[in-house]
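Going by the order they are written in, the chains are A, B, C and D; count residues from 1 in each one.
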Amino acid sequence: MTDGSPEEQIQNAELDQTPELLELYTQFASHHLSPLWTQTSDVLSVHPRSKAVPFVWRWNELYPLAERSGELVPVGRGGERRAIALANPGLGGAPYATTTLWAAIQYLGPHETAPEHRHSQNAFRFVVEGEGVWTVVNGDPVAMRRGDFLLTPGWNFHGHHNDTDRPMAWLDGLDVPFASSIDIGFFEFGSERVTDEASPALSRAERLWAYPGLRPLSGLGETQNSPIHAYRWEYTDQALTEQLALEDEGFPATFGPGHAGIRYSNPTTGGDVMPTIRAEFHRLRAGTSTPTTNEVGSSVWQVFDGSGAMVVDGERRELDRGDVVVVPSWISWSIEAESQLDLFRFSDAPVIERLGFARTRVEHTR
Amino acid sequence: MTDGSPEEQIQNAELDQTPELLELYTQFASHHLSPLWTQTSDVLSVHPRSKAVPFVWRWNELYPLAERSGELVPVGRGGERRAIALANPGLGGAPYATTTLWAAIQYLGPHETAPEHRHSQNAFRFVVEGEGVWTVVNGDPVAMRRGDFLLTPGWNFHGHHNDTDRPMAWLDGLDVPFASSIDIGFFEFGSERVTDEASPALSRAERLWAYPGLRPLSGLGETQNSPIHAYRWEYTDQALTEQLALEDEGFPATFGPGHAGIRYSNPTTGGDVMPTIRAEFHRLRAGTSTPTTNEVGSSVWQVFDGSGAMVVDGERRELDRGDVVVVPSWISWSIEAESQLDLFRFSDAPVIERLGFARTRVEHTR
Amino acid sequence: MTDGSPEEQIQNAELDQTPELLELYTQFASHHLSPLWTQTSDVLSVHPRSKAVPFVWRWNELYPLAERSGELVPVGRGGERRAIALANPGLGGAPYATTTLWAAIQYLGPHETAPEHRHSQNAFRFVVEGEGVWTVVNGDPVAMRRGDFLLTPGWNFHGHHNDTDRPMAWLDGLDVPFASSIDIGFFEFGSERVTDEASPALSRAERLWAYPGLRPLSGLGETQNSPIHAYRWEYTDQALTEQLALEDEGFPATFGPGHAGIRYSNPTTGGDVMPTIRAEFHRLRAGTSTPTTNEVGSSVWQVFDGSGAMVVDGERRELDRGDVVVVPSWISWSIEAESQLDLFRFSDAPVIERLGFARTRVEHTR
Amino acid sequence: MTDGSPEEQIQNAELDQTPELLELYTQFASHHLSPLWTQTSDVLSVHPRSKAVPFVWRWNELYPLAERSGELVPVGRGGERRAIALANPGLGGAPYATTTLWAAIQYLGPHETAPEHRHSQNAFRFVVEGEGVWTVVNGDPVAMRRGDFLLTPGWNFHGHHNDTDRPMAWLDGLDVPFASSIDIGFFEFGSERVTDEASPALSRAERLWAYPGLRPLSGLGETQNSPIHAYRWEYTDQALTEQLALEDEGFPATFGPGHAGIRYSNPTTGGDVMPTIRAEFHRLRAGTSTPTTNEVGSSVWQVFDGSGAMVVDGERRELDRGDVVVVPSWISWSIEAESQLDLFRFSDAPVIERLGFARTRVEHTR
């Protein structure tokens, strides 16, 4: 029991299985009915108990498998993407990292192209290493480089093309499991190749939108997705560096002691970048750790740099660059930094918050 | 294909099952990975294809089974409620009306009490017939009568007690399947009996809140759930009657020709009564029908009065008082009224809209 | 000094009036410039110091003067309305009750008509006595009766006609002074007579909108003004009665001990009825009083029933039915009820709150 | 008449000045009452008719007068600021640029300090030339340089100090006239000197907040004022340059043909930087002009670079660097660029929009 209330198991009704009752249950079944009292303990729980379990995928295992896929599996129409999904061991083989989030490693060989399509599902890319691929979003080529966070929000056409002689792999994040559970997905094919094969350093979206606090007069409305399709590492790094410097100077700036962090936001609202996915970047000084936290909603973390550990549901897991950790809903977690530790995180928090289900418990006893 | 775009099936990659590839797939499995290209057609679809199917439950079958449960199954702690859930035939036996919505018939015998508890899941009651039960919400007894729509929003303690010598049955609606798919549920036991056994005609919530456009100065903040815990039939009926009268007088008032309707709303925001459930009441004049409509998100309809039919996914189903119809996401529906036809409806529309997934297609070719 | 900070007078700069300085001031004047340092004490103040002063107008003086106007002054195009504005003694003769609010007594003789027009300024009517006039709002006749609060929001055509053999007078409230200070007013003539001379008991606006928590499916958008154009006395009275009854029963319902109150609200948002005007109704039990309060923003109060007093800026003023009291910004006020005391209030609070200037000080030392 | 409706003058009632009527008017006056019908034409107008008039102040006249003030007038407590307000010729000598906006040139000599204070009124600085002054906002020193836009929102302590051997002058903008008309002003003295005399290149506010789309985890709430207290010229210039480049490349980016523009925004909401003041920067290519526009609400423009003209209310006014132009509500304006023309603009648009009074008319007949 993790929420402080007295531990109680919700019970089903205990009934003698009389012939009359069994006859009634047969009637229920034939009428497509199901009595609550035989399954109350499944329908209601004292606190969230996700079928998803905490798990770690190692980058040094993921990358070679992605590389091998590059040798054996072509990319193109049919299949659409050379993406390998993290399949939570608790979810019966479904290609889902958590009950709401999809996470995959996508791999594109030299000069390969993943054809354009669009879907209702919201997607992003986060680059833990490499460069040389451009994601083309509604015809706008967006360079991908280490540390960048890149959006392809729902119903935006997008393809990827590798403009170099080297392969590249990155993390894809989507709301596919959530979208599937609420039956909202549309899909449409686009160009067989990307519609603009240019390889500019900056996308047009950035040139129009990526300035601190400045909005173009041509785009004054609220949009449900952020129009900044690329959040560049240089700004993320600088923001985190400054937070720690301000802390050193004695000013409030960090999220916790030694713990800097930014949230990627939609400049037209100040809110999350997409309606179903939150994305953040965290930096912990060497030797610091976070309090143990339980949150409603699930998260996926990827180590960007440094080394340390996460304690998830009481179990300590050492982490290195590129490792991916999933934390299901209401499972406790904390982070410990050996070296300075940089982590990317995404979660379903906007869903949880917009629908009024948010709860957080932070253990301040360290 | 139902959305107007060219019908195309999304394909998986077609690959020769070479030993190398099979070896790779084995590696995937052992590392809890799952390639997108073998299941693209499951992960993405041209339009929503819910596992839930359209279905009709008949009140004249539901009620006798509930009655029989009253004879065989006690109500109380353990089981919690004598509620019989509508189990969509497409959902593998889960007690879910659609992928997001729970609907059940609940039955309480003379002078029985369903003990108090609370849970994160949002709930309401709709009364198609009978009276005599009080739902006690956070200690406030709320009378239940035919035509009333009654709220027990998430984390409000609630119990039911029958103050009469006659049994009563009603429709329960909850967001249990949705809550389950995003892992948000907390639960807590309350009193073994209801905390206030009074049987007033009006709840305190109504006495404080149920006036047109008047807010108490003691409650000026926004609340995520409506503070009006009982929406009485007399107002619903009057509102629908007036809409049709105004239409007769030549003024715009109805939703469509001969089609009156109201949405139950939260007076502190003007929005839906709870963050995950929308509720409406529709009245069609005898002889009218609605256009064929597809909507993202699922609905449950219950006939309150009159007779007619719904055409769901092209199949016509005759309906009588109390019958319950489920319409999964993006399945076409229309209604035909023989007599004046009154229908209650609830849906997951607030989820769909707040997260930016809403689409509607209305066929105006009749 | 009324805000708790040390009393300090803001000073202008004290400068020797040298010839050089006087020459500079001459230059300023000729270039349409004005130095701050000679008028800092006017431009900035330690707390709001309105030019408007507290004042009471007596209904038993207002009504006879309105009646006399009915004998001497025709109503019609040219002049537009037989309205007599309360001119705050501090505002130099301007027809303004406070710096932002207009209040007037309007009088319509038997079978007279005030022609239709519309303007950007927001307006309402409150009826302290009488009945028999219909305000026609965009062609919808709205009956006016004692205790009713009636809206004619900005840019809605409206006229008044008296359908009886008796005169009627009421209180008009508008944002005319505020609108004037920000230069926003448009005006357009409508029909010379009212466009619908019917005299129904209920307006169409009410028939469509005036139900607790029910919204017509034909009107689901947010509107900046409330679509309920008539808030009827029966509901206001009932809401206040129930608040006091709930207090008697031991439940939280009142605004303060013995002090019931409602705010008129826009059912599409839960907010104020119009963007610039807040309206409320207060009821105090005999013998109760409110704490002394200072608020940013100005208010106009009218006694609807009972007798008592207001202490405004430390001065006690006895009040009877129909009396009108203005309270300028940041002037202290409290109310004392001899008998049960019913008061209508309107204010510029939505302006103050939407623009981030709200402050309230309540003296809890009684 | 400028809004397209038939030109009509609103008339007062024409009445014979009988003794009885004059006696009534005397009674009105003695009771602090004012009849509408004698002043309808003042209270209501067919379209906004501001008392403020269009006017141009020349920088080459403003600066020498500010410089002379520097010689003759000390800066310090008493007077508070060496600021010279633009006094609209239509406003009877009041130190107001328009009915809602204050604009002044402020001048600080070498090593002078303007002491700290705070007030409810919202303020900003815009720098058309020079550098070397730091505005200290709640203890955070903010460097001021040509092209920078700097905030001191309501109730933030602020002072200025000149850290150099050269004087500096800049434009102050406030909502003083508006604040005065609604009686909202509080004021408090702070330090006699600035609380932090450091002269960093970047303020702490910028180090924490001035990144494109990144929010610190330590500041996730909505704030009514932008936390970015300095909007630097380098970003403004870059944003405008890119808009014109994108236009050259054939992509939609500009506000109008050859007309780039940005709005300074609050990253926590996407809205205006302060609740009462909007600020924008415009760049027109040489040879372009804007359509003639009328807007509800008033604006102040300052030429930042280049030369051109504004046509205000039909009158053409040549403009050079630093010149300040005021456009009252609903007065037509257009801009013509001879060279590339850069203009800063501020206005009361957030007031107009939040209160529902916005209207714009754009003449597309060029």
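Rule of thumb we're sticking to: contacts are C-beta pairs under 8 Å (C-beta built on N, C-alpha and C of every residue); 3 or more make two chains touch, one makes a residue touch a chain.
Computed from a prediction, not measured in an experiment: that's the story for all the values here.
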>> If you apply the touch rule, which chains end up adjacent to both subunit C and subunit D?
In response: none
> Copies subunit A and subunit B touch; is their interface built from the same residue numbers (over half shared) or different ones?
Replying inline: same
> So what's the Cα centroid distance for subunit B and subunit D, whole Å?
Replying inline: 52
> Taking each chain's centre as its mean C-alpha position, how far apart are subunit A and subunit B in Å?
Replying inline: 30
> What is the distance, in whole Å, between the centres of subunit A and subunit D, each centre taken as the mean of its C-alpha atoms?
Replying inline: 43
> So which bits of subunit B are touching at least two other chains?
Replying inline: none
>> Give the list of subunit C residues in touch with subunit D in this complex.
In response: 3, 5, 8, 10-15, 18, 20-21, 24, 27-28, 31-40, 43-50, 52, 55, 57, 61-62, 65, 68-69, 72-74, 76-89, 93-95, 99-100, 104, 119-121, 154, 176, 178-189, 224-225, 275-276, 296-298, 328-330, 348, 350-352, 354-357, 359
> What part of subunit A is in contact with subunit D in the complex they form?
Replying inline: 204, 206-218, 220, 222, 226, 228, 231, 235-236, 238-239, 242-243, 245-246, 251-255, 260-270, 273, 280, 282
